[in-house]
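Chain nomenclature is as follows: A, B, C, D, E and F, assigned in order of appearance, with residue numbering initiated at 1 for each chain independently.
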Amino acid sequence: MKETILLISLTLFALTIMVAFFRVLRGPSMPDRVVGLDMIGVNLLSMIAIISIVLKTKAFLEVILILGILSFIGTIAFSKYLERGTIVERKSDH
Amino acid sequence: MKINDVILRTVTKIVVFIILTLSVYLFFSGHYSPGGGFIGGLVLASAIVLMYLTSDIETVHKGMPFDFKLVAALGVLIATGTGFASVIFGKDFMTQAAMKLNLPIFGETELASVVLFEAGVAMTVIGVVVTIILSISEDE
Amino acid sequence: METLMILLIGVLIAVATYLILSKNLIRVILGTAVLSHAVHLLILTIAGVKKGNVPLLKEAEAPYTDALPQALILTAIVISFAVTAFVLVLAYRTYQSNGTDDLEGLRGQENE
Amino acid sequence: MNNIVVIPLILPIMLGIALVFLRPYVKTQRVISLLTMVAIAVVSVIMLGRIQETGIMRLDFGGWKPPFGILFVADSFAVLLVLTTSIVTAICLLYAFSSIGEKRENMFFYPFVLLLVAGVNGSFLTGDIFNLFVCFEVMLLASYVLITLGGEKAQLRESLKYVLINVLASWFFLVALAYLYGTLGTLNMAHLAERVAEAGQDPILTTIALLFLVVFALKAGLLLFFWLPGSYSVPPTAVAALFGALLTKVGIYALFRMFTLIFIHQPEVTHMLIKGMAAVTIIAGCLGALAYKDIRQIVAYNVVIAVGFVLIGLSVSTEAAFEGAIYYLMHDMIAKAMLFLLAGTMIYLTGETRFDKMSGLIRNYPVFGWMFFVVMVSLAGIPPLSGFVGKVLIGQGLIETGSYVLLALAFISSVVVLYSLLRIFLNAIFGETIISIEDETPLPKRMLTPIVLFAICTIALGFGAEGLSSYVSDAANTLANPSIYIDAVLGGK
Amino acid sequence: MNVNPIIEWAGVLLILGGSLMSLISAFGLLRLPDVYTRSHAATKSSTLAVLLSLLGAFLYFWAHEGYISVRLILGIVFVFLTAPVAGHLITRAAYRSGVELSESSDDDELEEVLFPEGRNKGS
Amino acid sequence: MTINLAIVIPFLMAILIPILYRRFTKLHIGWLVLAVPVIIFIMLVRLIPFVAEGHTYSHTYNWIPSLDINFTTYLDGLSMIFGLLITGVGSLVILYSIFYLSAKESLQHFYCYLLLFMGAMLGVVFSDNLMVLYAFWELTSVSSFLLIAFWHHRKASRAGAQKAMLITVTGGVSMLVGFIMLHMMTGSYSVHEIIRNVSQFTDHQLFVPAMILILFGAFTKSAQFPFHIWLPDAMEAPTPVSAYLHSATMVKAGIYLVARLTPIFGGDAIWFWLVTVAGLVTLFWGSFNAVKQTDLKALLAFSTVSQLGLIMSLFGMGSVAFKLGYSDSTIIYTQATFAALFHLVNHSTFKGALFMMVGIVDHELGTRDVRRLGGLMSLMPLTFTVAVIGSLSMAGMPPFNGFLSKEMFFAAAIHMRDLDIFSISSIGILFPVVAWVASIFTFVYCMIIIFKTFFGKPYEKSEGKPIHEAPIGMLVSPIILCVFVVGIFIFPNVLGQYILKPAMASIYPGFAPAEVLTPKIHAWHGINMELLMTIGVVIVGVMLYRKLKTWKPVYRLFPYRFSFNELFRHLLEGLESGSNKVTTSYMTGSLRKYVLYIYLFFIVAVGGYFLFSGGFAYSSANDAPVEIYELMLIIVMLLAGISMLFVKSRLTATLLNGVIGFGVSIFFVIFRAPDLALTQLIVESVTTVLFLLCFSFLPEWKREDSPKSVKISNAVIAGAVGALVVVMSFAVMYYDEFDSISSYFENAYELAGGANIVNTILGDFRGFDTMLEVVVLFIAGLGVYTLIKLKARKEDTDNEN
């Protein structure tokens, strides 16, 4: 029973990912796509948590954390690129 | 046009701290659970990347005045050097010290050479990733 | 599962190949990136998937999934990262000095 | 303890990295890099001696017995190549001292050379196929950097192609590795050989063998040499010489290992294909060598010809052919490096790249001119210079197996080599002097010495072939009888 | 009856809730008219979804194996910290790079502040 | 010992010459050089009695014993003849050259090459080991190349040198293959061993190929038709060189080889036909063409070609004796060989003299064109005498040595008619006919030499510098040679007994006592067929010479375009332009093309074999189950991949790549690979950051504007590659023969103290990989740094290197 629910949840998350992927594909604007990617990352995070439960292992808990960090870094990088064209500045501008 | 990054910077400070802790944790846990020199190093490097992203090169450099090329070089030297240590003891190249003593009491020393090796790996990873990103960003 | 994965890998490889055959530098480099993804998956899939537990002795019981390919892929990932970084920089340096990112424009005949 | 086996790899790595710290001290860097090469040469001579006495040496890293750990296997074939590599590199370094320019010396030129050598030596010595991949990558990455070092327009353009094609090749390599592991479940080369022999070479295994053939053919420049002419003609002379001497040889070595040790049970497919590829390579190389007036192109296509020539030795797979191939490999490393140095120096002296724009250099630079003559004669396989013995032995192998078409091709190719260089010699070295004594670019002794050293090497290798014969025949024997190798690796210790 | 199965069930249900939440955000991502509103859906509700599922996983591990995972807590904290910032950054980037608002939003007060000489549309 | 010394001394001297040249600035260096051949000559002369008694001498130094290649010197009658010729003519030529070459020339080079050649040539004739012989053989080609190109600032010299080198080396290479084949058959490189065991190998399948290949080498070296074209061009060399290499010695190396190997191949029909016919054709073609030449040296070159053909054909005729075996009636056929040896010596004497004569004329007048020359008889009486003696001897007139050998040649040719082996009888009549016709032409060009140069309208030199006789030093050598020309005519049997007899013994080993093989040579042998032929030659020759103008247009029947020279030139040019076309057609510099070739090869070679070998196999029995969410993820990745092809912006493509990366890592999770998932994630995002960083420097990508056909072919290739990987993967999955070695690593904790197997493998079992991987990473990092920091300055960018 629990398993089934978990599987359903996994499927739902996967569905969300598909929708988010649709955003990545269709845009229309670049930030839309980035939002989509961010969302994929966050949902994957949830999926990994559930998979950990399904597989009965704690091995992937680090992955969750890392994924969180990285989707954050990715989003920052993309938004900075969209905003300024460069993502690392040489000198502080203030 | 100035862009205000106060929110970002505030959050980043905390986040970087978390990441750094995590990287140290991953580095040491490698022998029993996922992690190790590579991953630890990569996570640490990503923390630094995050710092560069949210701040700027000069500021970060003030905080970490290393030449990351040399950090990387030192890392490689350490990694290869541990291989040599066993040569001095007359063992095959790269024999880790753990092989020498199987006594549980020496469990601590057992780990030593592997940890050193992994430290070298981690240093290289950090050094290289930061070098690459810095070099590109400094280009005009 | 394996069958599906292999089909996926096949498509990714086809995509990568198509990208590599195009004229634009970035496309080619992205092609190599996709290619490396595909091959990493391939190594793992070929060795058989879901055949055992996570290869952590303290976490799970035997049977364990084959750990050797994982180690190999790890090495391969790092190497492909190194190469990709280098190629990227090489690409933009080439663009800077040659003034084009079109590979047909980078032919360069012998008489120069 | 066989720890000596790892020295050809670890020494250049450690010292190469150490040189990074010595960046401002160019002189020290020079001395250390040169000494490293000399040390490796000495070590390989010692190893050769020990292999004669006690058979193939092996070093299990970390003490893990094969097939589980990684190991280095030093047989005569590998060590001979290591020896030649170190000698060639040492001499190329000498040339680099005076030609490479401070700009590059400051940009870690010497570390990269040492790391390149480390990768090359590692590829020769390793007994583990995945480790071979990693060693290849060490070599390739170093070569990527070396070829781009300087950042000139043409350099970047050609190196981009070189890099991308090699990335593709590495990818093929990984796919092949995946398949190999998927079928045979092991990575140790001797163990692979044993398992292939045990199972018989199924079609799928042969297919994997062909995949490896594609991979190494790309690296060796066998048929798939498209990256070669462009990328060899752009880097600075010393680097081009190193490339010409070393890079393709690693691919050739890998082909030899693969198809004399592991995939030997279906020669009618694999070796036939190699044969065909070698033949086409020779033809294409010959055409290329005659097609251009640009010296660098001619020289690069000469490399292609040599690749085909050596691999003919593999394709016929007799002991004589193996011996010939080994002799020829060593000869070619030396002579090609010398040729590249000469070509580069000619361009440096005249500022031209086409031989029909140069003339009468021998009047201005007599010794230099004669060096070109020596290398020309040597590459044409005229005795008693170094190319001769290899040529004869490969010819012997070809006759033994009745491959007369290849025989004709192989020997005609040496005439083409001669002609392609003769054109340069007669037009550029001989001929009316067009550079007056006042206008001539001085040719410093330091640039000439390495070339002369190479000339001495090629003469010595020709006259002193007997001195190497016991090692070469041992190497060929190991290639012809894979069981020697397998026993040495898996036969306990 | 042991308390553990209950907590386990709670965890599983939390996860289910999380997945439903994410479905809602997916719906928002699909249907909302412009990037600003879509970002709203993506960051707010999906953060909640993550929170719920991670909490569920935390509870499950706690109940099932008696294991308190610091990493999961950290993860929750982390997501909470970063997701809003990410959302903020991306919308700001969108605005500054000139992504147009949907037609249904009728007032753009920022325009005069940031782009006094008018935004160059379509950039 | 003597023989070894004889080979070594010239080489030593060759090395010393450049040094000595600087020491002795006042002395003409030639005098020092002269000592070398003279000493060796004397040494050899002292050995004549030893050899004449039928002794041989042999000595071995090891070179590459493992390959059976050793310096084995061997002295017998045959090599003695050549040794004497090389050193004897060599001495005279060097003496001559001292006066011919002014001190302004780079004498050290000249003599260095000349000594190299001399050593090499002695090496050729004194070597018993075929490989060493080959080494010296090529060295003669090389030194000849250097000598022809001595005046390398002249275009013609370079062209001549190139042609000579190419042709002779090609022949040499083929000869090398022939030698290797001989070795395969007989297991030996020693000529004498091979001769001893030859009977066992005549049926070997390599026997004929080896013979043909070796003959090819000999023919190119000895300028046999149609490879003779290099010889006239080689006349660009200084005249002493022409006299020495290109008439007396080097060109006879091929003949030497034929003579040396006659005991091996002699009994074979192919050998007979090849050697004889090549010789006769060359004889005719050379003499025929000599007539039309206007340059005296070219004329002599063609005459040399023709004479070489004569000697060659005689050796061919002589070889039938091997087929017939030894009996009293077959002795007659060995006489052809005797005549060949005899003529070989004679030719060296008179041709050497003639070349020196032409050199003198050229030296004094600055031209060798017969159309401009004339009336020199009174001005240069001594030179004239030399010319007359040399020419008449060449034309086969008494009282000169050429007469004797030519009579013997006629005799041999006549005897061929009677043979009924090798199906000679049907065309046997042609032998004497060709010989006779060729002799007529020989006679005609000899007349040209004498009359056009020394009679008729005097030569006018523009600057009124008086023409006078050459310095006596230059005349000494030709006069000595003329003395030999006459002397041999008078005392032919001295030569026959002491020199030719042992040579006959070495060509026909164990055939008959050498005394029987060596005939008594008579200047007057009664009125017989030969003499009648000679008289005919004179009559017809005189007539032809007088009517030269009327029949010379015959030569126009052979337009220059179709000459072998032109053929050769066209061959080379065609080769160059053709290979340029071919090579540039596929080496376009376009990466796409290169990659396309690589993929095509992969598809054809690997795919082709795989599909035809029936290696394909598929079974889903072992597949793990699939969950729905996994399927959905797969679909997402598929779509991400495919849509990467169509997106319009690079940023979107990067994002899609990120999606694929995320997908890969979630599959790593699903496939129980936590370490991989971690690494993949981090690497993926760092890579993305790198992409973004680099995008600042790169332009947005444009639409691919390739034609549709290109796109379709790309798609086909891409699809094929993907499909191939898929089917191969299925087959690999199906293959289930072996267990992986990795179960060993499951004891990681006991073995290496690690519980994370992957990490233990990375850190310990395969720590070496990790170490190198770190190195790779480091190189990449440092490489990126150098790539960015070290930029060529703007002005440098267009420079090469």
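Convention: contacts are C-beta pairs under 8 Å (C-beta built on N, C-alpha and C of every residue); 3 or more make two chains touch, one makes a residue touch a chain.
These are the chains along with the protein names UniProt gives them: A, B, C, D, E, F = Cation:proton antiporter.
Keep in mind the model is a prediction, meaning the values are calculated, not measured.
Asks: Which neighbours do chain A and chain E have in common?
Replies: In this structure, the chains that contact chain E and also chain A are B.
Asks: Identify the chains in contact with chain B as well as chain F, in label order.
Replies: A, C, D
Asks: Quick check: more C-beta contact pairs in B-E or C-F?
Replies: C-F
Asks: Report back the single chain whose CA centre is most distant from the CA centre of chain B.
Replies: Relative to chain B, the chain whose C-alpha centre sits farthest away is F.
Asks: For which chain is the distance between its Cα centroid and the global protein Cα centroid smallest?
Replies: D
Asks: Using the average of all C-alpha atoms in each chain as its centre, how far is it in Å between chain D and chain E?
Replies: Chain centroid spacing, chain D to chain E, equals 57 Å.
Asks: Please work out the Cα centroid separation of chain B and chain D, and write it as a whole number of Å.
Replies: 36
Asks: Let me have the rounded angstrom distance from the C-alpha centre of chain D over to the C-alpha centre of chain F, please.
Replies: Comparing mean C-alpha positions, chain F is 26 Å from chain D.
Asks: Would you mind pulling out the distance in Å between where the CA atoms of chain B average out and where those of chain C do?
Replies: 24
Asks: Going by the contact rule already set, what residues in chain C reach two or more other chains?
Replies: 20, 25, 28, 42, 46-47, 53-54, 56, 58-59, 68-69, 74-75, 78-79, 82-83, 85-86, 89-91, 93, 97, 106, 108
Asks: Give the residues of chain D that touch two or more other chains, as numbers and ranges in rising order.
Replies: In chain D, 13, 17, 20, 61-62, 130, 134, 137, 141, 144-145, 148, 151-154, 160-161, 164, 168, 175, 178-179, 181-182, 187, 230, 292 touch at least two other chains.
Asks: Please output the residue numbers of chain F that touch at least 2 other chains, ranges allowed.
Replies: 589, 591, 595, 670, 672, 674-675, 678-679, 682-683, 685-686, 689-690, 693-694, 697, 725, 729, 732-733, 740-742, 745, 755-756, 758, 762, 764, 766-770, 773, 775-784, 787-789, 791-792, 797
Asks: Provide the full list of chain pairs in touch.
Replies: A-B, A-C, A-E, A-F, B-C, B-D, B-E, B-F, C-D, C-F, D-F
Asks: Quick check: in the complex, which residue numbers of chain A touch chain B?
Replies: Interface residues on the chain A side: 58-60, 62-63, 65-66, 69-70, 72-73, 76-77, 80, 83-84, 86-94.
Asks: Hey, which residues of chain E end up touching chain A in the complex?
Replies: 8-9, 11-13, 15-16, 18-20, 22-23, 25-27, 29-30, 35, 38-39, 42-43, 46-47, 49-50, 53-54, 56-57, 60-61, 64-65, 67, 69, 71-72, 74-75, 78-79, 82-83, 85-86, 89-94, 96-97, 99
Asks: Can you name the residues of chain F that touch chain B in the complex?
Replies: Touching chain B: residues 674-675, 678-679, 682-683, 685-686, 689-690, 693-694, 697, 752-756, 758-760, 762-764, 767-768, 770-771, 774-775, 777-778, 780-782, 784-785, 787-789 of chain F.
Asks: Which residues of chain F touch chain A in their complex?
Replies: Chain F reaches chain A through residues 627-629, 632-633, 635-636, 639-640, 643, 649, 651-652, 655-656, 658-659, 662, 665-666, 669-670, 672, 674, 677-678, 681-682, 684-685, 688-689, 692-693, 695-696.
Asks: With touch defined as at the start, can you tell me which chain F residues reach chain C in the complex?
Replies: Spelled out, the residues of chain F in touch with chain C are 588-592, 595-596, 599, 620, 622-626, 630-631, 634, 637-638, 641-642, 644-645, 650, 653-654, 657, 660-661, 664, 667-668, 670-676, 679-680, 683, 686-687, 690-691, 694, 697-699, 701-702, 704, 706, 714-715, 717-719, 721-723, 725-726, 729-730, 732-733, 740-742, 745-746, 748-749, 755-758, 761-762, 766, 769-770, 773, 776-777, 779-781, 783-784, 787-788, 791-792, 797.
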